[in-house]
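Shared between the two complexes below is chain A, which pairs with chain B and chain C, respectively.
== the complex of A and B ==
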């Protein structure tokens, strides 16, 4: 029987912990500003009108919405790095010894990892929504609830990878490569209309594409979306379920103290 | 009454290395069981298996009615552990660590506030409660670790070298707090390589070496069971004839007599408290007045040496 109180207690710990990494938070915020105010604006000037039309009228709007999704992804992934920090100090053993089931631990960490990413990116998201101009609040709220699940799924994915490989160096490299592939093979930064067919195939099953499409749909940029909202929501639910399930299985069957590199 | 912990053929292998080798042990409810052994004896690995942090390769343990391999979640509800190395992140502060621990153990907000304050004051950490543990000494970190158990007050408290790096006053304070914990109904498993700590705190001591349990009994019985473990040194008023020494050896429980000088004997025996009156009577009857008597008991180190052929220090080096 899963106790929501215990799940929340675990999640709360991860949220508080994240807020202590002030340096990281400031640097990520600077990165966001640089992406929007420098890269986004300049690249937007480079695109012809037909390109702008293909992304719903403004590449800048398309791009800023995509950057929000990459921010959500990269901050939710951070929970995996937390796990290595904890393994380094033996805190993993401590967490495995407290009266919380492995299911509650994984769920709590996925929710905590996702929620903190949402809380952190929240103000930037509001800023981007202000720039784009939201036309339908209900549509936006529907998209947001799916994005919550998306961040929980990303955190679950990061936890699953972290406890599977138990090596911080490998994790770091793997997440770098994954980030490069998963972001670039998605519709976060460029529209599907300009992708080669084989890229398009991969982008159409990429959870980042689902999240980016849903966010744009919620913000009223639906003409630029690759996947219909319902299908994108389904994709995100499947992504979240898969990695939460894998995380639970790994924690229950394989995870034990020691052996971290 | 059934033991609160039943360890059955518990084994843990890391590759070819057997850290714990078919361990069988029972722990009675309400006792303090000391697990004594050098580093690498398998104490911590055993405790980590009991807390379900690591999984046994073979065998199992029952924590109350719960099998650690089949019902680890339920087993953990009865257990609290203070680890050998404090498990703290550098950004943590004692107040947050203990508050979260109390919360995850199910204490209400009011109880948390009260107990966290109490334990921080008792362990002299109150003034540093919001400081990062990064700035703490080893002893302070260790106190934060032990505080978790003192707040949780679990049915079974597992403490791994609770007073390592702590000064002597702090050691006594923690020992008293562990005794209080036991008085309130907790069973305590104490892993240590400090002989004195095991001796003064434990109702029974289990001695481990190279992953195996060598012996488990009350400290006094363990010491008494070493043949000739007690030593009585006697200085006499005059030289002792050889035939008197031979007769002295015939007294029950006297194992050996060594004449260091003509008037100074070292008598190796068991149960010195019982035999000593007989020895004094023996010399009175032999008209050899006793000038002084000095009695020394064997230590748990002697017990360890008896079973392994090594002192704890030698075993650590090994």
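== the complex of A and C ==
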């Protein structure tokens, strides 16, 4: 039987741990500012008028919403690095000795990893929503609840990869490569309509595409280029369920026994 | 100053570079993803008037990719030196029978050589792409000028990363500073977009973008590979000054900090 209280205790610990990364958090914030104030502004003037129309009138708005999703993704992934940090300092053995079941532990970590990402990106998200201008609050709330699931799913994905490969170097590189591919092969930076056919398939089933298009829909960006909200929500629920399940199974099986590099 | 000890230091740092084969594989895939995914999609979206002098955005971006690659590879030496200072490995380095100046200069040059070697296959990719799209292949002198310019950018970047790494013993502060420098230098350059577009979108930063050594490196390559922008000897002077200033600064800082 899973105790919600114990799950929350684990999640709360991970949220507090996040504040230790103050310099990394500052760096991510600088990245956000540079992406929007430098790259976004220049690239916005580079695209044709039909592109601007296809993305809802302004590529800049489309782009800033996408950047928020890449921020959510990259900060939710941090939880995997925490696991390696803990393995390095022998904290995993301590965590295994506390009166919390493996299921509660991984569920708490997924939720904590997702929540802290949301808390961190929150102010930037508000800023972007201010730029775009929210037209329907209910629509936005519906999108936000799906985005919560998205961040929990990303945290579950990061935990799954971390406990599967048990090598910090390989994890670091694999997450770097995944980040490069998953962001570029999604609709965070550009709509599917302008991708060559060989990229369209992957971009259409990419969880980042679902999250980005859902956020844009929630913010009221009217565009035919977006994934339909129901389909995007279904995609995010499937992503969350898959990686939370995999995270729980692999965490239970592989956390013990050492072998961390 | 003897050349042999400097070559030993370069050889050591260079062989260390290939220990990071996972890092190299990861970086390479990221660089190629930028070119073969992002640039390909942007090509379908860009206003053709903006890139008409460069065939397409894909062709325009290809020389910029070389700069992205060499910058990342050359910057890595700073991370290592920051770690050596924190773990006091620098004390061991000082015990070697090599003069401090030679050690310091060797490390700066090693960073530059790493960047140049890592960038070589990407430069070959760029040459292939530009030849395929424009039918132009630079002559020997032009190719040597490109190689010299990129090597100088690499040395300057190595010096910049070492100077940054020595300014703090905190790894986190170093990473933060690196992030700021990285984003400002890249986004305020002509690596991703042409100069007229920067002048129109961010006129306040046009001057930085124009004299940014990354812009000069990318534009110099474009000059000989794509015929645009026109060749300006000031680009070479800019890159040479960048290399000279940061190589000297890093050498002096390394000598000073390792003796503390």
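We take it that the second predicted complex is superposed on the first by the 256 of 261 C-alpha atoms of A that agree within 3 Å, B and C clash if a C-alpha of one lies under 4 Å from a C-alpha of the other, contacts with A are read in each partner's own complex, and residues count from 1 in each chain.
Everything that follows uses one rule, which is that contacts are C-beta pairs under 8 Å (C-beta built on N, C-alpha and C of every residue); 3 or more make two chains touch, one makes a residue touch a chain.
Everything numeric here is computed off the predicted structure, so don't read it as measured data.
**Q** Applying the document's definition of touching, compare chain B and chain C: which contacts more of chain A?
**A** Counting contacted residues of chain A, the larger count belongs to C.
**Q** Which partner does A:169 reach: the first (chain B), the second (chain C), both, or neither?
**A** Second partner only.
**Q** Tell me which partner A:197 touches in the superposition: chain B (first), chain C (second), both or neither.
**A** Neither partner.
**Q** Touching A:99, do we find chain B (first), chain C (second), both, or neither?
**A** First partner only, chain B.
**Q** Just chain B (first), just chain C (second), both, or neither: which does A:24 touch?
**A** After superposing on A, A:24 lies in contact with chain C but is clear of chain B.
**Q** Quick check for you: in the superposed arrangement, does A:177 touch first (chain B), second (chain C), both or neither?
**A** It touches chain C, and chain B stays clear.
**Q** After the superposition on A, what does A:46 contact: first (chain B), second (chain C), both or neither?
**A** Second partner only.
**Q** For chain A, what residues appear in both contact lists, the one with chain B and the one with chain C?
**A** Of chain A, residues 21 contact chain B in one complex and chain C in the other.
**Q** Which of the residues in chain B come into contact with chain A in the complex?
**A** These residues of chain B touch chain A: 48, 51-55, 72-73, 76-77, 79-81, 83, 85, 87-91, 96, 100-101, 103-106.
**Q** Under the touch definition given earlier, write down the residues of chain C that touch chain A in their complex.
**A** These residues of chain C touch chain A: 22-23, 25-27, 29-30, 33-34, 37-38, 40-42, 44-48, 50, 57, 170, 172-173, 175-176, 179-180, 183-184, 187-188, 192-193, 197-198, 200-202, 205.
**Q** Once bound in the complex, which stretches of chain A touch chain C?
**A** Residue list for chain A touching chain C: 21-24, 26-27, 30-31, 34-35, 38-39, 41-48, 51, 169-170, 172-174, 176-177, 180-181, 184-185, 189-190, 194-196, 199.
**Q** Which residues of chain A touch chain B in their complex?
**A** Its residues touching chain B are 6, 9-10, 12-13, 16-17, 20-21, 85-86, 89-91, 93-94, 96-102, 256-258.
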